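Each structure below appears as structure tokens.
Consider the two complexes below, in which chain A is the common component and chain B and chain C are the respective partners.
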Partner chain A sequence: MKVALIGLGSVGRGVAEMLAKKDDLGLVLTGIADSKSAFMDPDGIDITRVLAKKKKTGSCGDQHLSAADVIKKADYDALVEVTPTNALSGEPAIGHIKAALNRKKHVVTSNKGPIALAGKELRAMAKKKGVSLRYEATVAGAIPVMHTLEHGLAGNEILALYGVLNGTCNFILTRMAAEGLTYEQALMEAREMGYAEADPTYDVQGIDAAIKLVILANTIWDNGVKLADVDRTGIDLLTPDALRLADEMGCTIRLIAEANPKKRLLRVSPRILDKNHPLVFEGTLNALTLETDMAKQITLIGRGAGSVETASAIIGDLLYIRDRYVQRA
Partner chain B sequence: MKVALIGLGSVGRGVAEMLAKKDDLGLVLTGIADSKSAFMDPDGIDITRVLAKKKKTGSCGDQHLSAADVIKKADYDALVEVTPTNALSGEPAIGHIKAALNRKKHVVTSNKGPIALAGKELRAMAKKKGVSLRYEATVAGAIPVMHTLEHGLAGNEILALYGVLNGTCNFILTRMAAEGLTYEQALMEAREMGYAEADPTYDVQGIDAAIKLVILANTIWDNGVKLADVDRTGIDLLTPDALRLADEMGCTIRLIAEANPKKRLLRVSPRILDKNHPLVFEGTLNALTLETDMAKQITLIGRGAGSVETASAIIGDLLYIRDRYVQRA
Partner chain C sequence: MKLEMKDSPGQLVAALKPISEVGGNIIAVLHQRDPDPDNHTLNVQIVLDLPKGRLDNLVALLKDQGVRIQRIGEERLLYQRSVILIGHLMHTGFSDTFDQIDSTGFAEMTELVMSMPAVNERSSSRITIKAVSRDDMEAALAILRRVSQQKSLLMIEPLEDAA
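This part shows the complex of A and B:
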């Protein structure tokens, strides 16, 4: 199966490296683009050389070519869209995805913007074109949430879900609880470890978790919820006193995303949880509990971010498309 | 898709009830058998009536018919084999499964005996006949372990695994730690709650967990390991003192099944774990951590037993076969 890759940040690099390393998977890279250049080869790109060029010159390919050229002209079966997330406009990713779907190409993305903002439209478009749009990597990184919903829990009704969907907040709360740090001190530590951005708003005010919650809710219940529908409270106003009080009750505080359509609940907020609760763990992990009619509660825990971890989710989606569509065509 | 169901104990009843309840799944029951009788109807069995008859008379169908008749003569696409597990001979389930595969019928089973004892042979037979043999329900009940290995973590190399695969032992250890009970006292409590059999050997000596470990290892690494290859220690000799000592170190004891082929490790034994370890939780839950090259550690937690919970795994397998084979035929 031929693959085109748009975006060469941390996730794109992880995907490219894994495609080069795992050359027995039958996935051949035929197009690649970063923000400044692009490169195509219908016989398969020498990934190691392209990554070396990117490292040396800052560009992966020819500066007269762009992502749009690859999407419109390259010879590929599936597009991997991993440009940076824009949570307000979803662009340029939405445009990229539409252009590929219009060419009847499958699309795999880790990009939360397009799926949260235009998921319904894009899914309908993929269906109409007879191709697959997959986005396992948009929620909880390496944890195979979408595959679990689609196959592992097939036949189950999903009644509710709750989870830790932002590793940065979980790290900050872990450090505040363990060392009695203030929010500002723990945030500084998270920045030093590379877990928090220079502008942490997106993470600490629960926006990132809320976007993932919107993607999950629409995927499961197709209920057309939007980011503005999420009842959202961040962790940036939490004091060490709040964590100390929780600790005295054998509890701690975690930023929990939760949805329950029957209760009209769609919320991201700091919650007091018993220390033995399955969603209480240390560090930057993510976790999700799905409440279902037959399997009851199923909890998945794993890495919510990381270059190779996110590539794992993207490659899982590509292999699913390979087995289901391309190999049989 | 037409389904035949062999076995009407707790799991079989759960499957039948869910097929009756979820009549929109496109799964039609055309054959059913318990240990004494059987019933067939190519147009679809009235499940509610058959279950009522079973409850009233002890038999689900005609006493002149048997499971073998259903397997050989009924009109079905997939056989669900859920007779009681025989860990020594694997019979009569192995015979049932072979007879169905010989007819080029798909097979779904929760029966650990056949898969642990003859998994390689049965998988090869299914492959030769061009049908699917699925056994999600054999390991960790409702937790979709096999689907996760097959799809969610596709493309990953599985390096090692460790888990809590026996809920009875986890319950006993939870109660010993929480209340300072002796093993015998906790076992009695487990019996009263319906979590332990009259003869608890199979659970408390780690045999059940070891069988599941063998199934997992052979599925992942195809390394031909057998029950006798598992280095196995049960929980029946643990004292309250051992749990108290662990507690003083901030730890507790759990029965852990673990496999790591590079380290030649295949073991079920009581392990001292930090109370914050993801595999430390209370009650009868099961959990499994998969260690992989790309996704790193993924942990799945859920119900390891139960009638409807096990039916969830079986129905997931049936729907996978429906989507992959039958709908496209």
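This part shows the complex of A and C:
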């Protein structure tokens, strides 16, 4: 199956590296683009060479070509859209995805913006064009949430879900509880470790977790909820004393995203959890508990971010499309 | 409640029957199998959940069955939750909130642990509430939520299993 890759940041690089390394998957890269340049070869791109060029010059290909050229002209079956997320406009990713769907190409993305903002429209468009739009990597990184919902839990009614969907917050809370650090100290440590952005707002105010919650809710219940519908409280006002008070009763505090349509509940907030609760773990991991009518509770725990970890989710989606739609390998 | 009854067949069933008749729910029955040899009686402890105002009725029914009630220990408040509040709790005059919850009659605050760092810094407090039922607990928490919002306090609640 032929694949075009748009975006060569951390995630795009991870995908490219894994495609180069795992050359027995039957996935051939025929188009690649970063923010400044692009490159196409219908017979398959020499990924190692392109990545070396990117490292040396800052661009992966021809400066006269752009992502739009690859999407419109390259010979591919599936587009991998991994440009930086814009949670407000969703662009340029929405445009990229629409252009590919219009050409009846499958799309795989890790980009939360387009799915949270225009998921319904994009899913409808993919359906109309008879292609697949998959976004396993948008929620909880490497954890196969969507695959679990779609296949493992097929036939189950999902009653509710709750989870830890932001690793940065989980790291900060872990450090505050373990060392009695203030929020500011723990945030500084998260930055030094490379877990927090220079502007941590998206993470610490629960926006990132809320976006993932919106994607999950729409995917499972198709209820049209938006980011503004999420009742959201971050962790930036937590005190070391609060964590100590929780600790005194055998508990700790975690940022929990939860949705329960019957209770009209869609919330991201710091919560008190027993230390033995399955959603209490240390560091940057993510986890999600699904409550279903037949399987009851299922909890998935794993890496929620990272270059290769996210590539795992993307390649899983690509191989699903290959097996389901594209027989040539 | 702790009951004393004759050590003869059918007595225990006879003692339990009135409980369901008054709408009570038996939570546990502790049956001590060492009858008093002198009186030929048996001691049984029963933990039960009873709707308000039915206790007198039950006591009367049990007496009719020839069951002697040794002791009734009433634990009125069954549900317990702890929440943590962060903010300027003292400056915002919080005692009226405690009064509001206590005055509902169905829930009360049973513990307050507070830590105050410096005068102008936000304090953190752990408040424990006990309530008669799950609904009453939810009503008490709703009062706390409303007051927290009014007074710009961050309220951290326990995660209950969703379904």
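Just so it is clear, the second predicted complex is superposed on the first by the 327 of 329 C-alpha atoms of A that agree within 3 Å, B and C clash if a C-alpha of one lies under 4 Å from a C-alpha of the other, contacts with A are read in each partner's own complex, and residues count from 1 in each chain.
Following the convention adopted for this analysis, a contact is a pair of C-beta atoms (placed from the backbone, for glycine too) under 8 Å apart; a residue touches a chain by one contact, two chains touch by 3 or more.
As the structure is a prediction and not an experimental result, all values here were calculated from the model.
Peer 1: Which partner, chain B or chain C, is in contact with more residues of chain A?
Peer 2: Of the two chains, more chain A residues are contacted by B.
Peer 1: Return first, second, both or neither, reflecting whether A:Ala160 touches chain B, chain C, both chains, or no partner chain.
Peer 2: Second partner only.
Peer 1: Contact-wise, after the overlay, does A:Glu258 reach chain B, chain C, both or neither (first, second, both, neither)?
Peer 2: second
Peer 1: According to the stated criteria, A:Met18 is in contact with first (chain B), second (chain C), both, or neither; which is it?
Peer 2: first
Peer 1: After superposition on the shared chain, which partner residues are touched by A:Thr148: those of chain B (first), chain C (second), both, or neither?
Peer 2: In the superposed model, A:Thr148 contacts chain B only, not chain C.
Peer 1: Once the structures are superposed on A, label A:Glu309 by its partner contacts, choosing first (chain B), second (chain C), both or neither.
Peer 2: first
Peer 1: Figure out whether A:Pro270 sits in contact with chain B (first) or chain C (second), or with both, or with neither.
Peer 2: In the superposition, A:Pro270 touches chain C alone.
Peer 1: Report for A:Leu237: first if it touches chain B alone, second if chain C alone, otherwise both or neither.
Peer 2: second
Peer 1: Is there a shared patch on chain A that both chain B and chain C touch, and which residues make it up?
Peer 2: 297
Peer 1: Spell out the residues on chain A that touch chain C in their complex, using ranges where they run on.
Peer 2: For chain A paired with chain C, touching residues are 159-162, 233, 237-239, 241-242, 244-246, 248-249, 251, 253-254, 256, 258, 260, 263, 265, 269-273, 277, 279, 291, 297.
Peer 1: In the complex of these two chains, what residues of chain C are touching chain A?
Peer 2: Those in contact with chain A are residues 82-84, 86, 113, 115, 117, 122-126, 154, 156-159, 161-163.
Peer 1: Hey, which residues of chain B end up touching chain A in the complex?
Peer 2: 18, 22, 25, 136, 142-144, 147-148, 151-156, 276, 278, 281-282, 292, 294-303, 306, 308-309, 311-313, 315-316, 318-320
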